[in-house]
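Order as written gives the chain letters A, B, C and D; numbering starts at 1 within each chain.
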C-alpha cells in the first residue's frame, strides 16, 4: 500500500502547480484551468484519505467538489465571455479601470 | 486475477462495438459519393480555413448547459450505490426516493427555465443563414 | 397595579407632545398651537392634582423607566421617575402656572398680533416638559440633563424677539451665565458618580443615604484629592451648588436675570415663578439629605441666600421699569429660599417656593396686563391711576404685592416668616453666621415692603402721567382669568402651613405642609432631615415667644417699608426721591457694578488665559491632531497602492500573505518539527 | 411555545426551504412569461419570500428553537446541518438585508433586462448564506459557501454592458475561485488528519491528539483563508474594493452586508466547534493558535480598510474600504477568544454578532443610498454629492444616520454595537485590540463625515437635477435608517440574544 504521506506530497505538488499556473498566466481560461488543478489536488487528498480512514466521506465529498467546480466554471465562462466582449480579449490584466 | 479478465473484456467490447457498427453500416449503406458528404463534419461550421474562427456563441450555451447537467448526474451516483441496500435494510421507499425526486425536480425547473428562455433554441447565426441562401442561389 | 402614579410619565410627555404639535403643525392650527399647549398643560395639571392626592394618601413612586447606558460595573445611566411629596407638590405648581401662562399668552401674544406663535408655543411646551422632567427626575444625571434643557428653552424664549437688539444678547447672557454655573454642576454630577457609583435620589442606593452611612462609618466610598469624607462631600456639594447659584440667580451669578426681562412677559412669569429659577432651589431641596450632612455647605448656602436677599432688594428700590422691579424681587425672594434651606428650614424653604410661585406668577402676569394696557411701555413713571381703569388687575396685583411684602395674612407672610424664624432659632442655637444671615434677611424685608408698594403706588395710584395711562388698552378674559385665580391663591396658600398660629395658640395639626412633606420615603422626608440638621435651636422667651417676636419684627419691617413707600409715592404727583440717596443712587442704578466687574473678569482675566490656552490648542493640540491626520492620509495613500487593479497581482499578494501567515504561525506553533 | 415543538425536526430548516422555494418560484414566474418582465411581481415575490423566511427565523428565535430551553441544538441529516440560536440569528440578518435589497432593486433595475434572473440569483445566494449559518460539516460548509458565492459572481457582473461591472465580476470571480480552491484544499488536509468532515467529530478526533500538527495547521489556515475571502479580510480582501465599486449598488449592499455576515457565521461555528482553542493549542507537541491568527488579521484588516478608505475620492469605493474595516472589527469576535475565557468568549462572540446585525442595517442603507444617487445620475465622487440634502432632505438625513452610525457615534445603533464589541474585547483581556479598533474608529469619522459635509454643507458646483423619486429605494433606505436608529434602544435584547446563542457554542 502506498503510504499516505505520498498522497500528501502529490496533492501538494499539484496544488503548487496550480498556483504557479495562475500566477504566471494572464489568460483567464488558463487561470480557470489552474484553479481546477488546485481543486483536484484537494480531491486527491480526499479520495486517498477516504481510503486510508476506511470511510466514504471523502469520496462523496469529492463528487460534490467536482460538481461545484463545474458550476464554477459555468459561471466563470459566462463572466469571461462578457469580459471578452467588453475588453476585447481574455487577458485578465486588461481590466484595470478600477484601482487604488 | 478475474478482475483483470473483466476489465479486459470491457475494453474489448468498448473497442469492438464501434468497429462493428462502422463495419455494418459500411456494408449496408448505398454508396452515392458527392462533394458535400465527403467534407469533414464540424458541427455545422465551415470546416476549412484557420481554426481560430469565431464560433457561434450558441455552442457555448449548449456546452455550459451540458457541463452543468452532466456533472449533476454524478451526484446521482452515490444515491444509486446505496439505493438497493437501503431498501433491503428496511428504509421506506419514500425515504429513499424523495430526496432524489426533489433533486431531479430542482434540475427540471432549471432546465425548463433555460428552455423557455431560449438557451437551447438554435437561432441561425447570420453567417449560417447567409451560407444557406448562398447555397440556394447557387 | 395600575394606580394613578403609573400615569406620571404622561405629565411630562403631554407638554412635550404639545411642543411637537406646535412645532410641526402649529402654523396650520388656529391660535398658533396655543390650544394644544393649553390642552396639554391642563391634562398635566389634572394628572398632577391626582398625583398629589395619591401622594397625600401615602402612595409613592420610584421607578427606573429606561436604562440608556448599561453600566460597566455598577453604574447604570437611567431615566426614572421619583414621585414623593416634594415632587408632587412641585408638579402641581409647575403645571398650574404653566397652564395659566398658556392661557394668559392668548391675551398677551395672540391678541397683540405677535408673529412666530408656533415657535413661541413650542418653546413654552418644551420648557414646561423639561421642567416637569427635572422635577420628577430620580437621579442627579437625569436632573442635570433636564436642567440643561430648561436652560436651553429659556435661551430660546428670552430671545424670542430675535430681530430686536436686546433679546438676543439677553438670551445669550442668560445662557452663558447659567452655563458657567452648570460646569460646576456637571463636575459635581461626575463626582457624585465617582464617589458613590450611583446618583439616585431615593431607593436602596440613593447617594444621600450612602453618604450618611459613609459618615457613620458603615460604608466606604471613594474620595479624591486625599480628602476625608466630610471635606470631600463638602466639595461635591459646592460643585453642585454652582449650578444652583447660576440657575436660581444667586449672587454672584444673578446678573442674567434682570436682562432676561427682554423676553415676553408670560415667559418671565414662567421662568421666575415655576421653572428655571425655581429649578435651582428645587435641586437643593431634592438632594437636601446630602447637603444636610455638611454644615459648611449649609452655612455657605445660608449666607449666599441672606446676602442675595438683601442685595437684590436694595437694587429693586430704584428701578423705573415695572418688570425690572419684579426681576430684583425674584432674586431677593430666591435668596430667602436659599437662606431657609441653609438654615435647616427645609419645610420653610419649600413653603416659600410654593407661595412665591403663585404670587410671583401673579405679579408678572399682572405686570403683563399693565403692559398690554400701556401699549408695551414698561416705565412706571408713565403710569399712575390705573386702579380705576383696570380693577381686576389692580386687586389681583395688590394681593400679590401684599404677599410679596409679607403682610399678614397673605401667603408670603407665612412662608417668609417661617424662613426667618428657622434662621433665627438656629442662629440663637449658637451659629453667628446664621444670625448675620438673619439680620440681612430681616433688613431685606424692609426694602421688599418699600419697593413693592412703591411699584404699586406708582403704577396704580395717583394721577395718570401719560396719555396711554389715561386711556389704557383693555384686556380680555384670558388675561383676567389667570389673574383672578392666582390672586385668590396668593391670598390663601399661606393658610396651609400656619406654624406661628399653631405655636402661639397651641392648635395642633394645622401645619399641613409639614405633615405632607413628612410622608413617604423615610430618607426623603422632613422628619429625617430635621434629625440630621447640624444646628441646635435657641429661643428668646420660649418657643411661642420667639415665634411671636420673630413674626412681629418681620411684619413690622414690612409695614415700615410699605409705609415709607406710602408717604413718598402715594400722592397724586409722585416725584423721584432717588436724588436723596446721593452717590449711593449711582451705585444702585448700576447694580453695584456687578455687570461691569464680571465683564472685567471676562476680558481682563479670562481672555488672556483663554488666549494662552488657544495658543496651546492651536499650536500643540491642533498641531498634533493635524500631524496625525496628515500622517494617516499619507499612510492611507500608500496603503491603497497595494490595490493595483491587476488581478494577477492580487493573486500573488494573496499567496504571499498566506505563505507569510503559514511561516509565522508555523514557526510559533511548531508545525515544522 | 408549544407549537414549535410539535413540528417535525426538518421543519427547523424552514427559513432555508422557504428561500429556496422562493428562488424556484421566481424562475417559474420567469419561465411562464420569459419575454415580458413584471418587475413588481418579481421584486414582490422575492421580498415576500425573504420576509417570510426572516419571520420564521424570528419566530423560531423567540420560541427558543434549537436553544437550551427546548433541548439544545437540532441537528439534521447525520449532523450535516444544525439549527441553533446562532444560525437563526444570522438568518435574521441575511433575510432582512435581502428584503431591503430586493425592495430597492425594484427601482434600480427598472430599465434592465433579465430581472427574473437577478431576483432568483439574489434569493439563491441568500439560501446559500442561510445554509452556511446552519452548516455543521465541512462538506456542507463548502457546498453552501459555493451556493452563496456562485450567484454572487453573476450578480456582480450583472450589468453586461458596463465595463466596471464586468471587471468587478471578473476580479471577484477569479479571487473567489482561487479562494475556494484554497479552502477545499484546507478541508482535504483537515480530513486527512481527522478522517471526518463533521465538525464535532473533527473536534473529538483532535482531542485524542495527532502527529500531523503541520498538516492540520496548514489546513486550518487555509480554511481560515476561505472565510477571509467571504468576509473580505486581509489577505483575501483584494476583490472587495473593486467588486463593491463596480457592482450594481444593491448587489454591493447585499455582498458587503449579508455575504460578509455569512462568512462570519460559518467561521464562528467552524472554529469554535471543530477546532476548540483549548484542543488545538496543545496538540501533539505543536499548537494551532487561530486566535492569534485572527487577532493579527483583525488589526491588519481594520487598519488597512480604514486607512485606504480615508483617501478615496469615490464614495462607493470609500464604503467598500470601510466595509473591509468593519470586517476587521467583527474579526475581534474570533480574535478575543481565549483558552480559559469562559463566559467572556461567548460575550465577545455575541458582541461581534450583534455588530454584524447593526452593520447589516447601516451598511445596506448606505449602499442603497448610493444606488439612489446612481439612479439620479449624479456621479460617484464626494464632489458629486455636494448639496444633495437641499434636493432630497429625507434621503440625505438617512445617509447621515448611516454615516454617523458606521463611524460609531451616538445616538445610533453603530455606537452601542461597537462599544459592546470593544468592551467585551477588553473584558477578555484584549485591550490592545480594542485600542486599535478605537483609533481606527476615530479615523473613520474623518471620511464618513466627509459625505455628510458634502451633502449638507457644500454648494453643488453645477445645478443639481434630481429626476424621479424612486419609491422602492426610499422605502428600503428609510427602513434601514429606522432600523439603525431603533437598534440603539432595542440593543439590549439583541445583545442578550446574541451572547446567549454564542455562549451555546462553547
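One rule holds for everything that comes next: a residue touches a chain if its C-beta (ideal position, glycine included) is under 8 Å from a C-beta of that chain, and two chains touch if they have at least 3 such contacts.
The chain list, named the UniProt way, goes like this: A = NADH-quinone oxidoreductase subunit NuoK; B = NADH-quinone oxidoreductase subunit A; C = NADH-quinone oxidoreductase subunit L; D = Oxidoreductase.
What you see is a predicted model, and the numbers here were worked out from it, not measured in a lab.
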Joint neighbours of chain D (Oxidoreductase) and chain C, given as chain labels: A
Contact-richer chain pair (by C-beta pairs counted) among B-D and A-C: A-C
Distance between chain centroids, defined by C-alpha means - chain B, chain D (Oxidoreductase) (Å): 41
Distance between the centres, which are taken as Cα means, of chain C and chain A, whole angstrom: 76
Chain A-chain B separation of Cα centroids, rounded to whole Å: 25
Interchain centroid distance [CA atoms averaged], chain B/chain C, Å: 91
Multi-partner residues of chain B (at least 2 other chains): none
For chain C, residues contacting two or more additional chains: 640, 643, 645, 647, 651
Numbers and ranges of chain D (Oxidoreductase) residues touching at least 2 other chains: 170-171, 174, 178, 182, 241-242
Each pair of chains that touches, named by its two labels: A-B, A-C, A-D, B-D, C-D
Residue numbers on chain D (Oxidoreductase) that touch chain C, as the complex places them: 170-171, 174-175, 178-179, 182, 213-214, 217-218, 221-222, 225, 234-236, 238-239, 241-242, 285-289, 292-293, 296, 304, 306-312, 321, 423, 443, 446, 489, 492
Residue numbers on chain D (Oxidoreductase) that touch chain A, as the complex places them: 138-139, 142-143, 146, 150, 153-154, 157, 160-161, 163-164, 166-171, 173-174, 177-178, 180-182, 184-185, 187-189, 191-192, 195-197, 215, 241-242, 245-246, 317
Touch list for chain B against partner chain A, complex: 57, 60, 64, 67-68, 70-72, 74-75, 77-78
Of all residues in chain B, those that touch chain D (Oxidoreductase) in their complex: 106, 109-110, 112-113, 116-118
Chain D (Oxidoreductase) contact footprint on chain A (complex, rising order): 4, 8, 11, 15, 18, 22, 28, 31-32, 35, 38-39, 41-46, 48-50, 52-53, 55, 57-58, 60-61, 64-65, 68, 71-72, 75-76, 78-80, 82-83, 85-87, 92, 95-99
